[in-house]
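Below is one structure; the comments refer to it alone.
We call the chains A, B, C, D and E, going by the order they appear; numbering starts again at 1 in every chain.
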Amino acid sequence: MEAAVNNQLVSIEKPEIVAPPDWEPVIIGILCNWCSYAGSDLTGTSRIQYPPNIRIIRVPCSSRVDPWFLIKSLQTTADGVLVSGCHPGDCHYISGNYYARRRFLVTKKLLNFVGFHENRVQFSWVSAAEGPKFAKVVAKVTEDIKKLGPLHLYKKENFEK
Amino acid sequence: MSVELFVTDKAGLTKFYEAIISKNETYAPVEKFGKYDFKRVSSFDACNPDAPIAQTMSAKPLFFPRSAKIMKYTADHSGTSVKETDEDSLAGKRVILGMKHCDARALQVLDKVYNWDYIDTDYQRRRENTVIISARCDKAETHCFCTSLDYDVEHSDAMDVAIVNGTDGKVFIEARTEKGKVFLKEMNIEQRISNNEFQVTDETAPAAVKQQYEAFAASFRLKMDYTEVNARLSKIFDSPEFENVSANCISCNTCAFVCPTCHCFKISDEKVKDTGVRYKSYDSCNNGYFTLMAGGHNPRPVKYRRWRQRALHKFVYYKERFGENLCVGCGKCTNSCPVNISIFEVVKQVSETVSV
Amino acid sequence: MKKITYFPGCSAHGTSKEFDETVKMVMKSLDVQLEEIPDWNCCGATSAHTLSEPLSYALPLRNLVLAEKLDNTTMAIPCASCYQRMKVTKVHLDKNPDLSKDIGTTIVDEGTYQGKIAVKSMLQYCYEDIGLDAIKARVTKSLAGMKLACYYGCLLTRPKAITQFDSPEYPMSMDHIVEALGAKATEFDYKTECCGASFSISNTEVVIRLTGKILEMAKESGAHALVVACPLCQSNLDMRQPQIEKQTGEKYNLPVFYFTQLMALAFGMPEKELMFRKHIVPVEGALAQIGKIEPEPEKVKKPKKAVEAESEAE
Amino acid sequence: MARVGVFVCFCGANIADFVDVPAVVEEAKRIREVKFAIDYKYMCSDPGQQQIRDAIVQHRLTSIVVAACSPRMHEKTFRKALSDAGMNPYLLEVANIREHSSWVHQKDKKAATAKAADLVRMAVAKSIANEQLHEISVPVTKRALVIGGGIAGIQAALDIADARIPVVLVEKSPSIGGKMAQLDETFPTLDCSQCILTPKMVDVASHPYIELIPYAEVLELDGFVGNYKAKIKKKASYVNFKTCTGCGACWQKCPVKVPNEYNMGIDKRKAIYTPFPQAVPNKPVIDARYCTMLTKGKCGICSKVCEKGSIDYKMQDEIIEREIGAVVVATGYDLWDPKPYEEYGVGRFKDIITSLEFERMVSANGPTNGVPVRPSDGKVPKNVVFIKCIGSRDEAKGIEYCSKICCMYTTKHTILLHHKVHGSHSYVFYMDIRAAGKGYEEFVKKAQVDTGATYLRGRVSKIYKKGDKLMVRGEDAQIGQVVEVEADLVVLATAVVPNKDNPDLARLLGVSYDKYGYMSEAHPKLRPVETAKAGIFLAGCTQAPKDIPDTVAQASACAAKVCGIFAGDTMKKDPMISTVNKEFCSGCQNCVTVCPYGAIVTEEVPMGHGSKEMRTVAKINEGVCQGCGSCVAVCRSMAISLAGFTDPQIINEIVSI
Amino acid sequence: MDYTNQIREIASKLFAEGKIDVFVGYRMTGFDENQVPALIRDPNEVSKLVFTDKSVFNLTNYLKQDHTRNKRIGMVVKGCDSRALNLLLTESQVKRENLHIVGIPCKGVVDENGNKMQNCIECIFPNPVVFDEMVDGTPTGSEAPPYQVNTDIQNIAAMDLVERRAYFEEVFESCIRCNACRHSCPMCYCAKCCIDQETSTLYHGANTTSSAFHALMTWSLHLAGRCVDCRNCEKACPSHLPLHLLHKWNEQVIYENFQEHLAGVHEGDRGAFYKYSMKDPDDFIM
């Protein structure tokens, strides 16, 4: 489905929500310290460029990510969330990402079920060596969210525009 | 109190309702998921003023919202400033259709507390600007016991305009207050009469209405003398019976949230970044942390004490302070209770353990 | 009866008519119906990909789109060059699905590419889909006595990422097929060396040198003939042979068969239908070897002394 | 009321060129809690840190935000600065505006600046919720575990033991010695490998502080730095080492012959064997795969000939546990299997061998008594072609990296060939000669002159057989022509690859490894022997290809690190761990299930204040907790919080963008 | 389905043998045809107990209450109730030795209109999975039907995004945040719900749509892989919200993706989020 009507970006979930002309999505990236955060640092050290919409939050492990971080993000500041951790088998804490993976799947599906595009929350495995991959992932997520338009997810009072 | 009484039929009533909705900001029971709640309506088809009590939420949130913004504030590097809240969406002139007698009566009970030491101006404004048109009950439902409580259903002026179903498809429309009379005038009652939609009633009408009320009163399954109950309950604070009657309770809050007279609330702030909003929201005495104090002291840590508070507040404390029971006998709490606890039965059971 | 899509390619109507004919004969006898793509076009080899990348995809793409319309799961291509172009395009498109749209605009719109058809060389189809057992079962006239050097050329198995078939350096599929026919495949190190391919006309010198080496190694391996699965290989090895012999002074006398010709032969089809007359190097000498079986040198049995656990050890 | 100080770094031009630093400072000043904000050229420099220290005192700051490079870079530096100013170091937050903004948005200064301001705002919001944390002291078990008994493991074990710290040395095979024991001579000095290694092996066996456990594997490693518990499986050797004298009667009489791994399968050993004559411990083991007594129940000869009655066919694997404080991983390397080089006919031509096979042949105690021979016919080769970079530096067929040692050992091989076979000639196909190392270049130069070997720069494209010779065709890039060399023997310098068990072992130990299987060091330059997991260190080729001197140096470095951990009776530990709020804990114990370290136990607490009834709640073992936060996310009651990454901290970040 | 007599006998026997302090079953409301939970402490009141197809409420909810905690309890459980019980046992909320579980070979219960409840029609565990004794001796041998996708879920999933969003917006708008769902849920036993912890960042005091969304989403995720589909919540909801949709959806996602996990089927089997498998889907992750 095309989110743009008359050249104006509208929310894919609630077409009556129209983006302001200079709208840029805000994306929250929650990255595990050992793989993905290190990978994002490598992206920086390698000077690989990616869209500036992402705001990165560091957590020790993807298993630290409680699903309601995602809900809270979407309810307050974010139009989309990216959570990234170590590849399966590479978790610094042995098994954290396996638990996280289960929660992510259910959260993603549940959000989609109650009417939010599945691309609003996305997940990736980025290792400490995958600087280029991180840039690619961010570019993709940003592009996806831009297509989806602004999010109206029962924003709290202060965030209703 | 002067009364104006008109008579019409089903079709005339529908036309009347349609006219009201088209001319006024109107609230009426709207069905959603099998339950009726009072919502702003723009056409008669969308609502059902005759929705059964058991499946209808109270209209209380139109006066005392489930969550009301009472303040907005900003706190940044330049200091803290309090801002006005948004315009009160419930403060305009409006009409409520299909409120039941009990629900309307509850507002009169609430008026007492709202006009007591602190005058809640928001509430007052909402009350003043609202015309209440009540739909008549024909027959008591399973958990109704309004007639047992201390108010005169037949002559109640809790509603501005009362609709009474008579026999032979007749429908009586009665303005019970000055506001109601003015409203009927505004609604071109004269023209309706000349159109033959409404008829002026003859002298038999009041009798017909009275007959209806008598039949209604006779249909009640639950009847109890509450003056006696008030007296008994006032002596019963230490009764062990509260523990028995509350055993089934799962402390779920539902009864308080659906009750048309409960008015306990809590204050909460939601602040993000520099700005915050202060809310006043429903609270419930069933809740395990109702009136939990900042130091950690909980005056009612166990369920039976909370239940005792609920019963005694409704039938003793409020009565003592304002001369009325904090209950209108609508049975909404009993209808909604997941474990079918009936406040009528509970009060009966407890009060029976002492003599007057 | 199985049905597959068939893309003959231009040479099948000219220089490699015998390949085309024998493929059809062999497939018919193996109960496979060939359905030729209607209105197929040039695959683009060998010049398109050196000139214009989009064109080099566009030409095979049209064929692929047409092929898919026939609703078969597999397309088999006898010509190695055609096969290579189709497979390159397919692999490329499967990896970048968006590309089919871009390329699609440069050709006449015949439909959209679905990516559902498997592209195989005829050799691959015989080896993987028909299978050695089925081939063996069909043999009525064993080729025993014939020693054959199987020559694959450069395109059938390389690059591995594209062909995804057999070893790129030392393939054995054709060897296995000729052995299924009863012949003996020789150990032939030059089976994937370059034959000079399309320099055949523009720089014959190169072809003569490279092809000469292949012939020399084939001869050294003890082969009576070469077996190929590519029209260009066949023409270079066969047509240039007298010229090479003249240049080097060596006498190779190695006829160059298409593997389907030998299959047809082993399946008992009449020799004159196999178009051996089209060959430059006479085939009679090689065919005469059929039936002349050398006795196997007897194996010297070692007396068993200690318990040998070697086989287990590996 | 929080008073936050914000310090924005220019990082020279690194940040300032792409982010408007003063604008970020102005943005920061607009935040309510920010009482002080300033920029500086290099915040990490001493004057930069001094500004932080001064501001803390002057402005009575309650938390600090430094907007600079990644916290993975300088978090520790700035924490120290806070400490020095008398502030709790954990009140620091770092806003990563270099790696996450200036370096990745170099084409859009406006967006990069806005993002940097957001990152600062997030860090400020988080820092407001920061709590004072204090380092945790944990007691340590003073015993080290060394995994692998090659030269790396031997050196590390000896160095640690010499510091009078007990060492457990676990070796997979029946003897220590590793790959070095297979070598004949070592470059660049041509020392006899055995001569320098075996004394060390003997030292290990006799050292009072070393417990040598051969023929064993590590199964599990639980715990954390200073307090690991290792489960070690002693594989059944079927020989009682206590009574065995190592007389050798058993393996001499054993009738089952199997390929000898020590000699790369060139000759045979018996089913009961000692890997090589100088093995330590010099006790035989029975290879259960081949022993007919164990597989078929027939034979029993070794038992009959053993005078001490040391053979025990019923012996079982034994699992033992050791409490240890630190681990050195020295699992060594394997050689890459050159099978993908099909154009060389690897696997088809018997006379193509690998360097280690060649090494064994030319070794005095090797299967051919020190003379290289052709495997096909047993003749001594005259013309030998050495091909380097087999697998190494080959993205298509092998691996991308340089194996580092092949240039040198191939040079050594040309010398050995020259010495052992008169009239022989070496041809070396090479890509580059990488002879960086003390005495290496000189060694290569001298060898080229002495042996007269022909060095051909270029790749070999094909090997084919012509008669009984192998024709090696390659390019001589220096003359730009294809050359063909007629060879009797071809020696492939196959690449060094990590021990194939590395990934499994790494997972078991909880350390990371790279795409090849080498275990990853904590920092490629500054922490080359540590892993990301505290108390686990890497020696030798476990981490990357290395020659013997480098391996020995790294092993000694490991020993120094291990001794550092054991210097005191207790060890300091990062306080960023979980804590349980007992009031909210409902005792479901799901956290116990998900904790990867078994750091959560339960305890009984009174139901309510002064209540006699008890209920079960979770309790964190702070010594064991590593701070992953798995338990926090699964706690529905929100009774667990992770210091440094509490819910308020993270939510503050989320809502402050 | 009427097991009134058997249950009265069993309860009397348990009291007589001194095995229990309280028996949790059902009794008539006394004013209509419906039943209410009965917490019988007096052996003489055993005659109040009934069990018919109107015995709807999942009694395991009472195990988290003050007056049943650390007491010896006899309890009537249906198939779904027993799954909740299993999970409560696994999550250490109740001691097995304190329980005497009376299993009912359940044939399905009815709603207020007398129609069989939808979850009973789809029920795949009519027989209790944990019990001390069955009212009819042994469980009925009938094979449970296979797991099937709930039709309501299918209907919602078939809607397009905008419709779904609009549908659930009404759900969240209609929620009055009374938390009856949570309190009636046997699996919600936290000392203090995270949503009510004023100190927590999850705290949403206001009864707004955004809070309702937040609370219901958090709640359903906390119950994902733990919900036993007893529908206590839906029956308790004064707004009649279709709460089962959220739980059934999660259940389906978990069943399909995580090795057919269903909550509380085996003792010791924790919720889906407290274990993992190498085979868990990974394709949704970049």
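Details
Following the convention adopted for this analysis, a residue touches a chain if its C-beta (ideal position, glycine included) is under 8 Å from a C-beta of that chain, and two chains touch if they have at least 3 such contacts.
All values reported here derive from a predicted model rather than from experimental measurement.
Distance from each chain's C-alpha mean to the overall C-alpha mean is smallest for A. For chain pairs B-D and C-D, the one joined by more C-beta pairs in contact is C-D. Seen from the Cα centre of chain A, the chain whose own Cα centre is farthest off is C.
With chains reduced to the mean position of their C-alpha atoms, the one farthest from chain B is C.
One finds 48 Å separating the Cα centroids of chain C and chain D. In terms of their C-alpha centroids, the spacing between chain A and chain E amounts to 34 Å.
Chain centres here are Cα averages; for chain D and chain E they lie 51 Å apart.
Work out the mean CA point of chain A and of chain B, and you get 46 Å between them. Across the assembly, chain A contributes residues 72, 76, 95, 99, 103, 156-157 that each touch 2 or more other chains. Chain E has residues 192, 201-202, 208, 273-274 in contact with two or more other chains. Residue positions of chain B touching 2 or more other chains: 270, 272-273, 277. Chain contact summary for the complex, chain D toward chain B: residues 29-32, 34, 608, 655-656.
Looking at the complex, you find that chain C touches chain D at residues 167-170, 187, 189-190, 192-193, 217, 220, 306-310, 312-314. Residues 255-259, 265, 271, 289-290, 292, 341-343, 345, 348, 462, 464-466 of chain D are the ones that touch chain C when the two sit in their complex. Chain B contributes residues 32-35, 37, 57, 66-67, 142, 221-222, 243, 247-248, 250-254, 256-258, 266-270, 277, 279, 281-282, 284, 288-289, 302-303, 336, 338-342, 345 to its touches with chain E in the complex. Chain E contributes residues 69-70, 91-93, 189-194, 197, 200-202, 222, 270-271, 273-275 to its touches with chain D in the complex.
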